[in-house]
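Pasting a structure here, questions to come.
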Amino acid sequence: MGTPPPTGIKQILKEALKTKTGMAAVIILGMMILMSASIPFYSPVNFVKRWNDLKSWYEYPSLAAPVWVKWFTGTNLPETIDLTSKHFRVTEEEISGHYITTYTAYFRYTYDDYPSELKALIKTDIKGKPVRLNIIFIRPDGEEINLFNGLVSSGQTTFDISLDPKLQKNIARFVYEKTGTVPEVIRPEIILFSKSPSKYGNEAASSNVLRGRYIVKFQVLSDKKISAEPRFIVYGKVYGFAGTDLYRRDLWLGILWGAPVALAFGTVAAIATALLQVIIGAAGAWFGPKWDELVQRIADFFLIIPVLPILILISVIYKVTIWSLLGWVIVFSVVGVSSKIARSITFQIREEQYIEAAKTYGASKTRMLFYYVIPRIMPFTFALVALNVPTYIFLEASLSFLGLGDPELPTWGRILGDAYSAGALYQGYWWWVILPAFMIMLVSLGFTLLSYAFDKIVNPRLREE
Amino acid sequence: MGMATFIAKRALILTLTLMFSVYMTVVIANFGGYVDKLLRDQITFDVTTALSRDPNFAKLSQEERQKLIEQRIEAKIRAAGLDKPFLERSLIQFTQALTLNLGRAAFLRSSSGSKAIADIIMERLPRTVLLFTLGTIMAAGIGIFLGLVQARKALSKFDRIMIVLEIFTYVQPAWFYGILFILIFAFYLRIFPSGGMVSIPAPTEPVAYFLDVLYHLALPLITWIFASFGYWAYTTRNIVLQTMEEDFVTAARAKGLPERIILWRYVLRPSSPPIITGVAFAIVFSWTGAIITETVFNWPGIGLLFWEAIAALDAPVIIGLTVILAYLIVLTVLALDIIYGILDPRLRVMR
Amino acid sequence: MMKKILVTEDLVLYYRTSRGPVRAVDHVNLWVEDGSSLAVVGESGCGKSSMAYAILRILPRNVHSYSGKIIFDGVNLMDLTDEEMRSKIRWRKISMVFQGAMNTLNPVIKVGDQIIEPLLIHAGYKKEEALREAREAVKNVGLPEYVLDRYPHELSGGMKQRAVIAMALLMKPRLVILDEPTSALDVLTQANIMNLLKDLKERERLSYIFITHDLALASELADYVAVMYAGKIAEIGSAETIYKNPRHPYTQKLIGSVPTLRSEKVLEFIPGAPPDLVNPPEGCRFHLRCPFAKDICKRREPPLIKVDNDHVACWLYGGE
């Protein structure tokens, strides 16, 4: 003989907050909401566009682990060193009508590991003939390597030192001069930063990293005065709080953006389907056997059709956005568990006296359904709604994982799908998988706890005595 | 309503539902005619390439060639039934599907090279049954056992922690655990292979082959069990607990019946119909595999076939799979109605 | 004075809830004389069903406290082990007919098999012998034999109620507790069952505890009436005096609120609501709704005071 379960929405929320699980749920979900609210401070307004514009991420390292990995491994993993034009000192000489402009910058390299990649860029505003450019790399031990010597034309020129075979040849020459052998695989980011020439090569030990002051020189030779903006990027192996993906994108921003998308999609889908299911289930039971029969038949139908394959089919041809997906999800969940609950409760309510009374004074049936019946049912669906939020988040994630989700928005499922198709599981790019996965799990834990807290209040079988 | 009338009525309703959903699948799988266009393009391409390899064809004049190409294309299109309007074709596909005349795949083949959809499906089905039916049975076994233990210790600390754990593990789909487990157990710990059903090349000796399949089976099986045991445990707990609170259990106690008898005759027997129905349903559903889980583990079963068919827009295969699936479900629902009627005499009147 | 078959002394049954203990049965003293029937009357939620469960020791999980004495046929049931309670007392000595017979039969077992279960388990009968007894028993309650071969849902509400009564009488117990045995039935069936119970009482020399919210029905059927309010006995006495000359203000109000066909009286209603059993008011639990409440009623709980042959828990009838 306990106290009757509370029925008002406010009352249920209040009671749910009082339980330990309810508190935990509110803390977790509150964190998520805070995260979502912090987005304007972190990322530009056109973030979604930028996320999909892979070229705009060139200054970020590719596949860098999160910065905090350093603290766990105890090795000082390299961060990106970006020498922009303001780091370069400019000197000019004029020799027989030719101008030699030299841009010199230095940086200290004190890390325990090699950089992941090197890149040199130059932006010039010359008109007409191309100019001659010389890029020189000077190591702390005084070795000078001529990385590039050739012509560049106007505009931006990028030298992919780590990938460009022409530049690699120059580096190979340097190794040959030192050791008398030509390495099989040339990895400039290792050779240029390695202590002993005998160990140049692919599997260079990190103990061999040459620490100290490195100098980069850009020399431009031209027959008239020109201005240029040089840049030299030494890409690190760690970046930011969540690392980067293969396409150099800052995963933290993607993960952050995933939060409001997931929360909005999950809650809207869960609440909309619950409302619809309750209305349909209750209406069937309320308006009599014929309607009830109809609802039951629709339920049979949805039992038989395979919803996920059909959603996948639809996404394959129609290229859904997150909002059209929401629409489809709602269409395929017009009947479900909530309508079953609504149906059985409506049958009980129908027998109650005040309903009888309302009938005798001639209240309209539809009005009664919406004013008396449905508000009574809703509390019983709270737990289910809370539980359905992660279910719908995962539905979206499933489609995105297959590459069928919203083509624009970064969602957690899409990040996971990108990671999977880039082979992150088999290469050990764990941060690309674990962090978005952790976020989804955190949200689903939050809603699971919330659902349990609701259930405990409404469902006497879970109430703590 | 007698049992026979009840079954007959259910059978009729389910057949109508079946027909409706099969027709809908036919329309959706063809993308309302889009696939027909693809097929026509394919025929044109096939005919032109086949003829261009024919040395006699080169001897013909330009006009004759054009005519021959058109004739051949038309013949092929007619043979494939593509000359008829989509509505008519959809009805033909519909009747073929209903009569389980599955026909031939548009693009996909079985590993032995057959294009017959029945062959393709029969090649994949045993693999899916091996993984998902086994997994479902094991998960249900573990879950039901846990649920019974929890029902006995209802609302204890153990019970409450297990409830949250069970709901939580069940909310995440299996593929989600799949990627985490592959990363942990296959990449870092190197205990299990990361995917596939056999090593490449596959062992030739039967025992070695069997062991190799088991070795590949382990991780997806564990994943599937982990993702679904919670559902069984939580459902069983609730059903049993609900029965325990029925008046007839209190009455049995008042009658002085020993706890053992109360548990078996008054709690477990009335609780069993919904649990048994649930397990039976899950076993049948397990034959459809799981699209993403099979993709993640590269397990060549029905789920992966579904995904391949969708990716290749192979409408006949999609329809074939859905129809078989729909038939299975309808037959199961009907069988369960009958079994339920036998297990639980209440239902004979209630429905 | 007749022998008392059952006496409870300070019987307590509290339930644990998140809000604190619910005092469903709070120091209840009552007695049943051998071969007579006692009706326990009260509003729903006053603890009358809990009292029945307490006597049979069928307790839910959330028991907070369970104490006092239950002296049945000279033995304190509280001294028996659970196993002794089960094998010696339940159904052999005390049986019970539960509220809402529809739910007290196991839906998946045939009625006959359920009726004979106690015979098989407690008395070691063979199945045929037990069925013979059961046939006799259902005939006694006016049911055809074939009900034994039916599932519960195949019987009407009245038939189920009779079957449950037959089941309760099968072991020839000394005391039968009937918890609202007719509340879910239509009036005609109710009357039939009532007559059956009266008839059986004469024939089998049974003692009854008859739990109901219907005072008129109680006085019709029972020799004695105990009125329960908020987990306590308000008044206990012979059916006639309680009905004709109620002493406790609550009983008076209760009778005043029952419509009768014979007199043209104005129906009364009891103002206020029954108290919360987690936080019952101090003093007399009825004082907030009592028109005669005195100062002492707010401070001290009244004991059962003997007035003529009845007992009343009310300060109006003595004490300080």
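Just so it is clear, A, B and C label the chains in written order, and each chain counts residues from 1 on its own.
The definition used in the following text is that contacts are C-beta pairs under 8 Å (C-beta built on N, C-alpha and C of every residue); 3 or more make two chains touch, one makes a residue touch a chain.
Fair warning: this is a prediction, and the values are worked out from it, not measured in the lab.
*Asks:* Does B-C or A-B have the larger number of C-beta pairs in contact?
*Replies:* Comparing B-C with A-B, the pair joined by more C-beta contacts is A-B.
*Asks:* By C-alpha centroid distance to the whole-protein centroid, which chain wins?
*Replies:* B
*Asks:* Starting from the Cα centroid of chain A, hunt down the chain whose centroid lies farthest away.
*Replies:* For chain A, the chain whose C-alpha mean is farthest off is C.
*Asks:* How many angstrom lie between the centres of chain A and chain C, each centre taken as the mean Cα position?
*Replies:* 66
*Asks:* In whole angstrom, how far does the Cα centroid of chain B sit from the Cα centroid of chain C?
*Replies:* 56
*Asks:* Suppose each chain is reduced to the average of its Cα coordinates; what separation in Å results between chain A and chain B?
*Replies:* About 31 Å separates the centre of chain A from that of chain B.
*Asks:* So which stretches of chain B touch two or more other chains?
*Replies:* Each of 154-155 in chain B touches at least two other chains.
*Asks:* Indicate the residues of chain C shared as contacts by at least two other chains.
*Replies:* 61
*Asks:* Using the touch definition from the top, which residues of chain A touch two or more other chains?
*Replies:* Touching at least two other chains: 464-465.
*Asks:* Help me check something: in the complex, which residues belonging to chain B touch chain C?
*Replies:* 154-155, 246-248, 250-258, 261, 265-266, 269-270, 343-346, 348-350
*Asks:* Under the definition above, what is the set of chain B residues touching chain A in their complex?
*Replies:* Against chain A, the touching part of chain B is residues 13-14, 17-18, 20-21, 24-25, 28-29, 31, 34, 154-155, 163-164, 167-168, 171-173, 175-176, 179-180, 182-183, 186-188, 194, 238, 241-242, 245, 288, 291-292, 295-296, 306-307, 310-311, 313, 318, 321-322, 325-326, 329-330, 333.
*Asks:* Write out the stretch or stretches of chain C touching chain B in their complex.
*Replies:* 56, 58, 61, 85-87, 89-92, 95-96, 98-100, 103-109, 117-118, 121-122, 151, 153-154, 167
*Asks:* For a test of understanding, state which residues of chain A touch chain B in their complex under the given definition.
*Replies:* Answer in residue numbers: 21, 297, 300-301, 303-306, 308-310, 312-314, 316-317, 387, 390-391, 394, 397-398, 401-402, 416, 419-420, 424-426, 428, 430, 433-434, 437, 440-441, 444-445, 447-449, 451-452, 461-462, 464-465.
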